[in-house]
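All chains are identified by letter, namely A, B, C and D, in their written order; residue positions are counted from 1 within each chain.
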Amino acid sequence: MTGTKENRGPVLGRRRMGNLASGALLAGALPAVSFRSVQAADSSTFVSGFALPMNLDPHQVYDVPMQSMMLNAYDNLYRYEGDPPKIVPWLAESHTVSDDGLQWEFKLRPNLKFHDGSPLTADDVVYSFRRVLALKLAPAGAFLRILKPENVTAPDPLLVRFKLETSYAPFFAAIPSICIVNPRVIKPNEKDGDWGKAWLASNGAGSGAYRIDPKGYRPLEYLDMEINEGHFKGWADNPKPVKKIAYRPTKETSTRVLALLNGTLDCTDPNLPADQVEQINASKIAYVQKDVVMRTFVIRMNNTKPPFDNLNARLCFAHAFNYMGFINDILGGYATRDPYPMPENLWGIPKDAKGYDYDLKKAKEYMAKATAEGAPMKRPLEIHVQSENEQSVQGAQLFQSDLAQIGINLKVVGNIWSNLTTAAAKPETTPDMWVHWVSTYFVDPENWVGQMYDSQFHGTWKASSYYKNADVDALLRKARATVKQEVRAPLYEEAIRKIMADSPDIWIYNSMQLQGFNKRVKGRRFCTVGQGAELRWITLAG
Amino acid sequence: MIPLLKVDSLKVSIRTDDGTARVLDDVGLTLERGRILGVVGESGCGKSTLIRAIMGILPKGASVDAGHVWFEGENLLVFSEAELNGRIRSSRIGFIPQDPLLALNPVFKVGTQLLEAMRWHAPDDGTRGRERRRRHVERLVGLLRRMQVPDPETALERYPHQFSGGQRQRLLIAASLACAPTLVIADEPTTALDVTTQHQILLLLRELVGEFGLSLLFVTHDFGVVAELCDDLCVIYAGQTVEAGPVQAVLQAPAHPYTRALLACHPDRAASFVGIPGRVPSPLARPAGCQFAARCGEAEPRCREASPPQARARSGADVRCVQYA
Amino acid sequence: MKPILARLSRDLPAMLGLGVVVVVLLLAIFGPWIAPHPEDASASHLLRRLKPPSADFPFGTDNLGRDILSRVILGARGALQIALTVVVVAMLIGVPLGLVAGYRSGWLSETIMRVTDVVLAIPQLVLALALAQLLTPSLESAMLALSLTYWPFFTRIVYAETRRLSASLFVDALRGVGAASPRIVFLHILPNALSPVIVRATIGLGFTILVAAVLGFLGMGATPPAPDWGLAIADSRTYLPRAWWYATFPGLAILITVMGFNLLGDGLRDIVDPRLRRSR
Amino acid sequence: MLRFVLRRCALVLPSLLGLLVVTFLLIHAVPSDPAVAMAGDAATPEQIAQLRLQYGLDRPIWEQFAVYVGKVARFDFGESAFSHRPVALDIVQRLPATLELTFASLLLSVLIGVPLGVAAGLKHNTWPDHLLRIFSVLGVAIAAFWFAIMLQLLFAMNLGWLPLRGELSATLSKPPVVTGFLLLDSIVTGRWDAFADGLRHLLLPAVTLALGGLATIVRFTRSGVLDTLQNDFVFYERAVGYRWPRLVWIYVLRNSLTATVTQIGLLFGGLIAGGVVVEAIFDWPGIGSYTVQAILTGDRQVMLAVTLLVGAVYAAVNILVDVAHGLLDPRLMERA
């Protein structure tokens, strides 16, 4: 245990003890800078506060925590890099696509190796995709409708061929979500044809820059990874990488912040509450990194339930949310107002379209119109929030107190994600309103408007406003089946204009992620996919 | 020769929530060596406080206001707890409790409990450690045999509830003798027993006094027991000694009206006192004058004015009554 | 009543407890008139978020700029409501079951006591959380969950008392003169068994407030914007350690209230039955 | 003795079955559809339907129950809907951490609570007694999470004496798994660095968790001692000259502990549940945070298994309590 020189005078330390004992009871009355640093002396271990996925199999789970894990332990054919994100060749050198958008071919780099030293070839890519399609779990979502297992083939050791059932533009955008796994370590551990599902949930079988240490793994609690010196990318761009990544996710915000402030953690997870920024930045040891990401915050309205089936009613609600108050005062300005149904930094946004502003007078006018049209505006309404998520609760409370001013009675109901997604499967059980984020699963409008407002997705939580507009459906479907971005962009712009006119939901902001870092962390690079969790470039000073 | 035990105008009061209770208000008694003194009184008259005062274990809030407890010429009241433990308890004053079932710790083997007292108080015979313990066991087994406890060797390994009432009392009598004391105080040791067993125990005690050269202070509410066992008698009423003298003399010619009332309403000398009208005055509010006056058939006005003086009755007993002044 | 109060008055900690309970009761009744900013029960003031204690806001303000002092005062009513509802419901379930099981013997009694054992074996918090899930997290489901987990304590106590009493001579005598069972149970056994129940209930009031706070902490109790103490602490976690006042004052409110009920309950217990030990 | 234990065990089985029925019904009444949750964020309706079929979630509830009981009998608790890992494996990995924490806190509360309780009993109705009583109520009344954060601020942040979170420093490698208990494994494998580090990590959570138990133990030991002191045998033991410390700490104490031991049994169940909050704050990798996770995600298999497990632990501890009662008081063993 070492500390910084300034606060480590032994005599002073002893004498201060009494004061500190009483001081601690006043908690934050003490300036944060007086905290003792317990930072580990060695600069070879990076202690990460990123959340861990539910298990380690990238073919079973696909969410933000999984992205942050798999970007280090596994490789993909293509990968998103940089800010703004660009899809770049990774295990594949290049790819080709047929004119009809049905046949895709990826050419692999030569001499690729898995962690066990065995070569990574096109057969392994085929195995990986077939495994995803067989397990039919989260990451398969983008592929199940358009790809049959037998249509993934390896005509030669460095060539992978996909034959799609229908043309599906987001196919390429979703390619980085599939990790290439090593069948030679998985197959011996298969049980009853489970594709090694049970085994890979707690083990690694990748080729990534870091190697999973199964002994250092406890689901959701901790995970250790060691450096893979022989990674195909080489380490030329980082002469002093960390040798070990120790994932130590913290469950409580307060613990998280304290751990950053005393050097237990080198970084927090990227969802730090805005109110912690000032305190962390005031400390000698840590700072907060701000990055614009693609993660939209939206209040859903159930368009099948009165009064939300009435356009004027929906417009009334769209004008009753204090967008800037929420962003500036509660989020401390750490978010970007996003009036569109999709991140404003993505392509396909109709820049000419105007969103709605906070204006209670207009809201009242729309309310009067809606009431005149018979919409039951005085009905007690419910907004469901994710209780464990403070921000969704705050947003709902703010909305509640504004609506109360124009005479609308809104009740905030705490709920949990799994109940909400279940409820969202049917229009009758979907709440009047509910609050959620839409993160980047793949960088494509399909991830937002495509899956949120095409009526064929009714029954999934993403489409839980049960919005239906035949014109929009047609536009979105056409865009989905077209490969070229130049052709697709105007289609999305047109669809979004129509959607915004119908105001099916309340779009609030695109997130800015806040992540606390120890000052010894150097060389971080950010990409919105994975929220900057790829750690190959990290160096620890000192 | 000085008496073995002499309690001298002892006054003990207890502070309670409702005021100060004068539990013992001038108690005196004298026990000569080799004799058995019976202390008789109704429940609530202060018998147990008297025993506690002699043993130096007064309840919480109690204090000795006056008097002495002379034991072999030393005033026990000035002894510290450590001195009492080191020089008096068990080693010189043995104790036989009232209810042997309640007095034995239910969760320890009998042997453990009896040996615990011997460990600290048995006479030093020069042995130490295991050897000393072995000798203690030997002595206990011998005593148990003498007390006619069946299977004395295994008895020490058993728990209190595994004995009958009479056997338990024999165990405790043996225990009181284990450290060879000169005085044994017995607190109604036969009350909890049936009549036959009671008789056997009394016989046994009588024998032991001679055999071990003991003196016995025997506290009871039962005149029958006193008549059977004791040499001397001391009657206590409302925290005061009202009559004291040789058993024969007192029983033949009870001098104090209280003693007479007790004996009169119980010609068979049975164990109950319910026959006297009225109630013992509360220790919280002692009346002036004679404490018995309110219930006394022979009371005169002066009885209620001042405490009656100590006097000598014709029988030779000491009496606290104006009739003899 | 008088002797109990008189004896209680000599027990300093119990008097302290009584004082606290009386104050909390007063706050619960008159809270909206006492609180400096009663409108802060639901309003939000974005411009004065997370202000430290000052003359205007002696306990500081919370994440939506609401006066914490007012919310602590307003929270008393909710806390008492939860506690009373839970304990009364638990008593209504537990006491009759205990009476039946204790007075009767045979399969009915056995069944009741086995079920009681099973419910006692369910970890209280787990059941409460599961129920809160089942009925969507709200104050009502938290209260129901707590009641459903608390009744076995009453059943146990009443069962033991009833068994003791019905074995007593006095009930035998009543049976002897041909008194009807319900009459014996309600007129003779129940009043005698009631004192430990009341003691248990007093302690239970404090305990319930505490568990409700834990449920609130886990997002399973009261829902915003209710001025709930547990909820306030839960909300405050995001702002610790900087906004220390946010957690501290609601925390102290819980601490003092629970302590008050416990001290009072302990004092009552010492008076009613110095040998009564069952409690948690 | 053995027969006594066996009979108690036999009595426990129906209770556990009852517990299983109750929890099963309860959990299956929860509206969230495990298939939706299992499939994950990006799932399609077809994927969900497929899962529902695969896990038999479309069958009648009694059939699901029968299947489940059959599996449980073979110690197969199914697969977590979320992690897709066998629940039994997760429990085997996590239970030791919770037990270690629970035992440590029990040990702390007994070692401190019993002497304090005895002291309060001996000093009945004096200032030390009043203070101890208020303190012990304080221990019950204080919100654990608040206290935990205060401990963190003082000992981990300001003084820097103890680690803030977790069960082992990130820079240390874990000792090889022998028993699954971190401290035990460190000793067995001679990893004294890990042992010392693990002990330091254990301290703050154990103290936090011990607080409620400590208070309870003080209270019940106090009232036990008060009761015992009323007994005639205490007077007898004093009258025959038992030395005071031995009288109190051996002869009085053993009689006074019955209620305390009962409470320890009750506490144990409470500690495992109460560990939920402590484990969350200190990132202790035990069963508590696992349970919260399961509840928050609606993971039925885990909720069932944990409830059953806690019920079983509770039952086992209560059998131990009965045995301890028997050891404390030989009369009880005879009666049984």
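Operating definition for what follows: a residue touches a chain if its C-beta (ideal position, glycine included) is under 8 Å from a C-beta of that chain, and two chains touch if they have at least 3 such contacts.
What you are looking at is a predicted structure, and each value in this text was computed from that prediction instead of being measured.
Here the chain at the heart of the shown protein, by mean C-alpha position, is D.
If you average the Cα atoms of subunit B and of subunit D, the two centres end up 53 Å apart.
The geometric centre of subunit A is 36 Å away from that of subunit D, both derived from CA atoms. Computed centre separation for the pair subunit C/subunit D is 23 angstrom, with centres defined by C-alpha atoms. Multi-chain contact residues of subunit C, defined as those touching 2 or more other chains: 133, 237, 240-241, 247-248. Residue positions 27, 252, 254, 258, 388, 416, 419 of subunit A each touch two or more of the other chains. A list of each chain pair in contact follows: A-C, A-D, B-D, C-D. Contacts from subunit D toward subunit B in the complex involve residues 231-233, 235-244, 246, 251, 254-255, 328-331. Residues 14-16, 18-19, 22-23, 26-27, 29-32, 130, 133-134, 137-138, 140-146, 149, 153, 157, 216, 219-220, 223-224, 226-227, 259, 263, 266, 269-270, 272-274, 276-277, 291-292, 295, 298, 303, 306-307, 310-311, 314-315 of subunit D are the ones that touch subunit C when the two sit in their complex. By the touch criterion stated above, subunit B contacts subunit D in their complex at residues 52, 55, 57, 81, 84-85, 88-91, 94-95, 97-99, 102-108, 113, 116-117, 120-121, 159, 161, 175-176.
Within the complex formed with subunit A, the subunit D residues making contact are 30-34, 36-48, 50-51, 79-80, 82-86, 89-90, 93-94, 149-150, 152-154, 156-160, 163-166, 169-171, 173-174, 176-177, 280-283, 285, 289-290, 293, 296-298.
For subunit C in complex with subunit A, the residues that touch the partner chain are 42-44, 46-47, 49-50, 63-64, 133, 136-138, 219-220, 223-225, 235, 237-244, 247-248.
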